[in-house]
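The letters A, B, C and D name the chains in turn, as written, and every chain counts its residues from 1.
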Amino acid sequence: MRTRPSFERFDEEWARKAMERSPSPKGIDGYLGIRLESFEPGRLVASFPVTDEIVTMIGNIHGGCVTALVDHVLGVVMYPVMPPKSWAATTEFKVNLVAPVSSGVVRAEAEIVSMSARLAVVRVEVTNTFTKPDATEETTRLVALGQGTCTIVAPKG
Amino acid sequence: MRTRPSFERFDEEWARKAMERSPSPKGIDGYLGIRLESFEPGRLVASFPVTDEIVTMIGNIHGGCVTALVDHVLGVVMYPVMPPKSWAATTEFKVNLVAPVSSGVVRAEAEIVSMSARLAVVRVEVTNTFTKPDATEETTRLVALGQGTCTIVAPKG
Amino acid sequence: MRTRPSFERFDEEWARKAMERSPSPKGIDGYLGIRLESFEPGRLVASFPVTDEIVTMIGNIHGGCVTALVDHVLGVVMYPVMPPKSWAATTEFKVNLVAPVSSGVVRAEAEIVSMSARLAVVRVEVTNTFTKPDATEETTRLVALGQGTCTIVAPKG
Amino acid sequence: MRTRPSFERFDEEWARKAMERSPSPKGIDGYLGIRLESFEPGRLVASFPVTDEIVTMIGNIHGGCVTALVDHVLGVVMYPVMPPKSWAATTEFKVNLVAPVSSGVVRAEAEIVSMSARLAVVRVEVTNTFTKPDATEETTRLVALGQGTCTIVAPKG
């Protein structure tokens, strides 16, 4: 039996602007080219393209690219559903890296699975969509699974 | 996009016997009265009743009861889908405890979300079904979320 | 460079009573016979004996016994150093299980490695001290490593 | 009682070359400027400088910079102590982020705390050394704590 939180608010305006402003012109999310693709209450999909810049000599991308994406969506998914002007601090997360990535697009889907006034638990699934050599159609496979805790910090005074 | 493993085998006989033999007459799973309720390929539901024995002075059960259930289902869900005579070692897991438990039934659902020849990632959701004071109907709420790694150990020789 | 928190208070009286009252007459900590052995500011050592009751047919103890001990020390280590009447909620933890246990004593050492007004991070190392067949001296080996987050809940009103 | 693995080999040549070649000219570790500072058997210290490029509008660095460093040292610490030509795959890790970073240097120390033929557990502590406004001396504080699992993959053939 799946039990999921219901959300009292969903700030579509915030979500729309955040999508428009992505990818960021600087910072690690800008370096990776993380683009916010879609928001729903308690959900966020975001992705980055696998460029030559991030592929290592071994032919795969560094795990740190995937974990930076996990960290990014863990926090950003919180904003449209928190009280206005609150701040989401990523307290901790855990990630399993289950397959390497060498081309295509890396996409994360974050879902808030538990939320109280102070804490939320977010789960993240990361997939890689790519075209295998000699193939004509794209393949999508799971590359990472995350679970983390966000602390909701109320605005001051 | 959800991507889940497909399973080459599902040993219904093993699953049926494991359910019949639960709860165990001894051990921590026997102490808690963990009952295996249902198996599907890559899924297991198991539960224990909240007895006076495990409720502390504060009125809640010890978090260790919930984490022992998480540990239990993480390993047991693997057996019907592994090659015969393999052994599933719980390498590590992470658990978020999101609500206290004081009565009713604690139920875990484990799902294998990634599986290779050597490693599997399992996610677990734990709920508590109970009747609130003065209520007539049962409530089910989320109490814990886990994610862990099992190592599949091949039989010797 | 190791940086560790300093603690403004250390309630020796609380620690002394908690040690005297352990093992608990009931609950999962009582079932395992968890004994609080020693407290220092930000540190706790606790153990349980490996009895026939908790050894499974395979000859090892259930991982849930070890994770229940981890959960126990994660919370209890907090009490002597928190403001009086606060409550420590184990928000989440992660544990690696690195070796099986079949006899002797299981001992955990918890250390508070970070602490703010609201959150603490605790690390736990679990060892097994036992005598190998045909050996005359005891061996101690690492069996589990944990890291978790406690939320410090202030007393009401 | 601390129990730590002993290491049968320590490839100083590998370590020396890896230090010389850091920071990488490309990739996420190159973007951050991660420099390998020192190796000992089972230990690695590495750092990156906090540049304007990685500081966000809020004035702090993205958590993904810290978690990318954790991911990096988790794998790299393994190479000098593994059998030659083995490969270390970061299977999973967990990280607690305990303080923000806005200037100075971010430094991680990785320690292999458990190691078998196939799996290792690595702990990481991340500190930030910086000069507070109006201060004359540097301060070092803890910013993150990690624990993860590496799978040791033997060379083919």
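Simple rule for what comes next: contacts are C-beta pairs under 8 Å (C-beta built on N, C-alpha and C of every residue); 3 or more make two chains touch, one makes a residue touch a chain.
Here the structure is a predicted model, which means the values were calculated and not measured.
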Open item on the list: Need the graph distance between chain A and chain C over the touch network, please.
Closed with: 1
Open item on the list: Using CA atoms for the superposition, what rotation angle relates chain B to chain C, in steps of 5 degrees?
Closed with: 180
Open item on the list: I want to compare two interfaces, B-D and A-D. Which one has more contacting C-beta pairs?
Closed with: A-D
Open item on the list: Roughly how far is chain A from chain D, centre to centre by C-alpha average, rounded to an integer in Å?
Closed with: 23
TODO: Could you please state the distance in Å, as a whole number, between where the Cα atoms of chain C are centred and where those of chain D are centred?
DONE: 28
Task: Between chain B and chain D, centroid-to-centroid distance (C-alpha), Å - done: 34
Task: For chain A, residues contacting two or more additional chains - done: 91-92, 94, 96, 119, 149
Open item on the list: For the complex, give me every residue of chain B touching chain C.
Closed with: 26-29, 31-32, 53-56, 61-65, 67-72, 75, 89-97
Task: Residues of chain B touching chain D in the complex - done: 91-92, 94, 118-119, 149, 151
TODO: Write out the stretch or stretches of chain B touching chain A in their complex.
DONE: 1-3, 94, 96, 98, 107, 109, 113-114, 116, 119, 121, 123, 125, 127, 140-142, 145, 147, 149
